[in-house]
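Here chain A shows up in two complexes: once beside chain B, once beside chain C.
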Partner chain A sequence: MATTDTPATAGTPAEPRHGLRMFLIWFILALAADLVIWFVWYPHIPPGRMSNSAMHQQFDITVLALSAAPVIIAVILYFVYAIVVWRVRPGDDSDGAPIYGNTKVQASWIVGTTLIVLWLFVFGTVELVVPHGAGAGEGPSPIWTPAGLTSAIWTPGGNKVLQVQVIGQQWTWTYRYPQFGGMESTELMLPVNTEVTFHVTSLDVIHSFWAYQLGVKADANPQVDNVAFTTPQALGSFVVRCSELCGIWHGAMFNYGLVEPQTAFQSWASGVQAKEQSDGVLAALPPFALTYDPTVIPQLGKTLTTVIGITGAPGYFYGPANPVQP
Partner chain B sequence: MSVTARAVSLAVAFVVVVGLGVFVALFYIGQASSLPTVNYTASGGQVNVVLQEDPGNNTSSAPNWVTYYTQDPTTKDWLHTTLFSVPASTKVNVTIYGFDGCTPLRNNYFSQVQGTIGNTVTVTQFSKNNRPLGFPQTVSLINSWADCSVGHTFAIPAMNLYVPVPSPNAQNSQNNLCSSFPCTPASGGAYALETFSFMSPAHTGTFRWQCLIPCGGGFINGNGGPMQTLGFMAGFMDVVA
Partner chain C sequence: MAIETQPDRAEPAGSGPETGGPGGVTRPWWLRPGAHFGVIGAAIGYLLGHLLGDFVGGDFSRSALSDTNDVAIVLGYAGGTIGWLAGLGVFNDPFRLMLGKALADEGRLHGTEEPGLGKYFRYTLDHKVVGIQYLYGMIAYFLTGGLFAMAIRSELLSPTYHLIGPEQYLMVVGEHGTMMMMMMSSVILGPFGQYFGPLLIGSKRVAFPRLEALGFWLTPAAYVILLSAFLFGGFPTGWTGYEPLATQATEGMNAYFFAFGLMGISMILAGFNMIVTVINYRAPGMRWSRLPMFVWSMFTVSFLQVLAVPVLVGACYMGLMDRTFQTAFFTNQLGGSSFLYENLFWFFGHPEVYILALPGFGVISEVVSVFCRKPLFGYRIAAAGMLGVGILSFFVWQHHLFMSGINADMRPLFMLTTELISIPTGFIFLVGMGTFWKAKIRFSIPMLFALAFYFNFLIGGITGVFVSDVPADTTVHGSFFVMAHFHYTIMGGLMFAFMAGIYYWLPKMTGYKLNETLGKIQFWTMFIFFNSTFLPLFALGLLGMPRRVFEYARNLETLNDWVSISSFLLGGSILIFLINFVMSMLFWREREVGNPWRSRSLEWQLPTPPPPQNFERVPVILSGPYDYGIPNALPVADLNPPPGVIGGAYAETSGVEA
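After this line comes the complex of A and B, so read on.
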């Protein structure tokens, strides 16, 4: 049968200061963990530092880890401390001491968690605003836009924002550059140290443009211009993946991009533009637009289903109800 | 229930669930691998791959799905498969018989021929009586929006190979398309004959290829059915040593 605890009497050894003990152990462990996170883990946290978006994401993850580690250590430390120090000794069948609340502990808990949540709220908001959406798609009307100037042309050193349209379709990506005559490419080339505005859209189902090392991720929805920003800061290649399940070859829907020196990018883009101009590709493409209706041939100004001459077998665009979804 | 009985029940349930998962996975893998692979071997440093695309097929389950066929190089039979192999570092000469009518590209950028030797293809139109309609044309662009000109595409994105495959032109398509599958030039269907070449990669591996035109009639926006099924508008090219 359980019995109530007997109050300490004179001559009983004084209870050690558990709170101070735990605090000291926690402080040492938390400091060690945060030092390891900052100096060892931080430089290797993905997605790296290839762009300002990626750099901010790496910093955000590090700060969250720095914030979370002391909390996790506190919880585990208390758990282990309680098991070790307050475990039931062999032969001890007595009840634990009755506890009716502890104002200091409750106040500490409320204040501590409130501060943590407020800190995360403020930090998260700042880290969304400063890097202009943190590399995520902001929809067609972005709230946070970069300060760079937009222009109909882009030249090296001109401090202008480069516009790149990302077009997803089953199961490949293409990229249009409106400042280079609307030329299109299967390769995503970007100039270093240049603000880039991605206009992400789709011609069929929902895809998601994920330029991993650049820290850019934006859904590609048909009929929607999803805008994301970044500034590449390092030369090299990066991988582009689709991160929205989009059909049988979703897993194979990836290619590689390259961040080049500004002059090399200018040379590449101008060369592709000139070739597509001479080959008739630019004339075959629809005029650059932020979204496309794939059921319409812009050059003819007509809906594909009614264009005279497009009458093969079947010879027309398959609409949403053609004839029925099985 | 005893602890032993509960443990046994838990173990049995675990095995059943895992077994079901493995069965489903193997079932689908088995389905994919049930298609025959046509092996093309090189002769004189070159290999000749022959394909055709038809407005229908000879299956009983989905006879109205558009499809590719692959020709067996030995028997010359048309096999209903989209799996074939070619040697590495070899010039691959591709011949495609376009028996299907036209469907416009979603992205007309792929009207441009990319990745072939010279970035061109050679096209000849034939009547339903197998008579050539003009001389072969070597072109770098087949504008699918300009007229009824492109039926499907042959694309291997990992190799940056994008080839629009012409269809019989609009007039030639009218009531002239082949209706007995697989089609043959002598079977009475109008067609477009396309040839092009590319170099196979130096390293071995499996490269997926696909049609970029949503040609799955009967499915939302044409994206389903044959577009999503190996053996129809999706396939693999194995590059072997």
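After this line comes the complex of A and C, so read on.
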């Protein structure tokens, strides 16, 4: 491609230096936008700072916005400038200058975009690895794990990891605490300042466990253990939603969780454990397993339900009493 | 260099039963194969297929919930499709060849054209007719999908269930997504690609006109089958069709898989035809370095179609097997894998979004050059950008699965490949911006749409960076943020490019131009209300609203109402387009047969409408299509070259290709 012109420096005396003008306007606007993003927007960017993973996501989104704003402003500014300055004047029937390309401009564009991309990649990877997967589902055998100790019993204090198994089904969530005798609860209670390991799985179709304020999201696949980590840092309630389409009541598949002080959490959890123990529920629950199958309960020495045609094609999977899938 | 080498295969008139040429025996229109026979054939085929399905599958796959069974429905769809094609006469020529008979006479091969509107309802070998068929088809599919979007937004006016129930809501969501993503995949490739592809490369025909026509005639079948899901209660999976929800769903799911598979076949056929046409049917002198950017985009997209779509067809087939013959490809409990479906679907699904986006780049590049009155800046980098996007699009599919637990350790790699795509996509912006430098910008309606395209695609592209970044994606995955992102690239990018293409090319396709005042009103309302609809969705997503829900947190109601009202107004702007289109084509009929844009491109050098064989003689291409501003540039082609001359006999061009 022949180089016929050098746009950035091609100003004849009569013609203003477009490149310099644009750069100055861009610099002021971009600086202003980035200052606003950092000082005004940053503290309010979702998902907030309730956990360490949420905090990292908030920081990550902010840094991406800081990188993106100058690019957006540059492109829009260029087009607005071009529209204003190079629009055709009435009566002008001529063509523009035959510029076929410019090696310098093209090369610097390529280098520039490549540098931005590499920066985004390095930054994103660091933000993924440092907070142990950033709250995202890491599959059955995560490699970026927190340092805490996993023991059979969880007690307040120390550096112990709380394990929570999250079981999705149409259209509700069940939480299972293996360190409390495998008791199950429909409400998600978590102790503050404790590393939590979520083992997310599903009984039927694909769901996605999204604890919004905690910045945790992991798909719940049947027969798959999807692990995600977070450390709640503030007390309060948070929303748990399903974020993968799972059938007609997908929109209604949400509930609320609570981050409590460690001792309050322990007394709640032990209380539920004792109650389920005395009610005989715990004995009837299936043992903790990474893939959870409620139809098989070996403690009772039998299989609870008979599943006919598990592929569900003939409509047997749920039986006529259950809500009909469209 | 490709020259017309196809021998004139038509036998003497009268040999085939549907001879339509001059001097032949012409049957009345209703006795010749066409859409009316197709409908009859489809009805018969469906009944036969359904009976067969009841016979072979009635014992083991009859639903407990309804008195139908999946095998019967799937075989009914298959029979209906075959009947439809048979009624259209798709199989006539293959059977004639098998029986050793001469092929039916196709008037176009003699340079005659069938008069009247009948040809638009027939299986025809003229790529220009196929282009018009695609145009009307795509507008119909787009309007259908748009009405579903209105229904979705109506339900979302309130944070609780108030208008349509959750079942109906999910049906409508699935139909909207599937209609837009699958039926609309050819929205530019179909009308403009088929019509102008051969014209732009100086060819008299496409390589495989029968495959091309078959590609179109599969789309009405897919459309009807997709809509037939409503009769069986719809499908609950949205356009992604995730397993095992799809296996659990009732009979409407068959429509999704079958229709998507049919569209897949249509895309493969169209892509195959386009690749061979562009490689082999370029006129002498139409070097790769002179290929219009729109042809480059179609060429790239055709490779995506041929390489990516078979994976989808396979996935649809396996999904149907799971539903009908009780295989377990995707059922984890029986040794299958729901991850397998996700991988297969997105291995197709990501190239698919570039199948949608790249033709938009092509149209915009053509429009920008003409209305800036400047050569395209960085022609090679523009072509490289298209190819780069096309190649990279095969290596990014797992960014849809960052939260799924598949290959979690590979996420940095997929983050890198995804972000790398922004480099070739950036080329498209560089080309646009460079072309605007010191241009003489004319604000015609296509140019307005092109400018809006750059704005919308910029927002869509930059927000794509947030989605590609795993920590940020943990918040926005599966939320309205993602939904807003891809609506900005597809609705804001592709549909604005489609509108630019319509206003730019319709005078060439029909000989009538669209009303400019209405066009300007349409542009401004569409641009303003598009942004007003989709910009707040980014905020909604960040605030925690997942996709495809019919209820949401009460504090999001104000924003949602704003979005809904904007979307109705956006629908109003599409209505203005429709009024403009109908009135301009049927009633006002303002003739425009010249070259209103003073474009150098080859298609505008032809008479309007183009003759049946496109070119009297195969043209010789003399210079590139974008040589604006050169004082005495050669014309783009010699449309009536002396006999025996091919490209080399002409002098070199005006120093463009130094």
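We adopt the following convention: the second predicted complex is superposed on the first by the 283 of 326 C-alpha atoms of A that agree within 3 Å, B and C clash if a C-alpha of one lies under 4 Å from a C-alpha of the other, contacts with A are read in each partner's own complex, and residues count from 1 in each chain.
In this text, contacts are C-beta pairs under 8 Å (C-beta built on N, C-alpha and C of every residue); 3 or more make two chains touch, one makes a residue touch a chain.
The shown structure was predicted, so the numbers you read here are calculated from the model rather than taken from an experiment.
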By the touch definition at the top of the document, which applies to A:135: first (chain B), second (chain C), both, or neither? second
Winner by number of chain A residues touched, once chain B and chain C are compared: C
A:171 contacts which: chain B (first), chain C (second), both, neither? first
Mind working out whether A:219 is in touch with chain B, chain C, both or neither, as first, second, both or neither? second
On the A-aligned overlay, A:96 touches which partner chain: chain B = first, chain C = second, or both, or neither? second
Identify the partner contact of A:205: answer first if only chain B is touched, second if only chain C is, both if each is, neither if none is. both
Would you check which partner chain A:86 touches, where first means chain B only, second means chain C only, and both and neither mean what they say? second
Taking the superposition on A as described, I'd like to know which of chain B and chain C A:247 touches: first, second, both or neither. both
With the touch criterion stated at the top, can you tell me which chain A residues are shared between the chain B interface and the chain C interface? 204-205, 247-249, 252, 309-320, 324-326
Once bound in the complex, which stretches of chain A touch chain B? 167, 169-172, 174, 184, 186, 203-205, 247-249, 252, 255, 276, 279-281, 284-286, 294, 297, 299-300, 304, 309-326
Spell out the part of chain A that touches chain C in their complex, as residue ranges. 1-2, 7, 10, 18, 45-47, 53, 56-57, 60-61, 64, 67-68, 71-72, 75-76, 78-79, 82-83, 86-88, 92, 94-102, 105-106, 109-110, 113-114, 116-117, 120-121, 124-125, 127-129, 131, 133-140, 142-143, 200, 204-206, 208, 210, 212, 215-219, 221-224, 226-227, 239, 241-252, 309-320, 324-326
Touching chain A in the complex, chain B uses residues 55, 100-104, 106-109, 111-112, 114, 140-141, 143, 145-148, 151, 155, 157-158, 160, 162, 167-168, 170, 173-174, 177, 208, 210, 212, 214-224, 227-230, 234
List of chain C residues in touch with chain A within their complex: 60-66, 69-70, 166-171, 233-238, 240, 242-245, 247-250, 252, 322-324, 326, 328, 331-334, 338-339, 372-381, 401-409, 411-412, 415-416, 419-420, 422-423, 426-427, 429-430, 433-434, 436-443, 451, 454-455, 458-459, 462, 465-466, 468-475, 477-479, 542-544, 546-553, 627-630, 655-656, 658
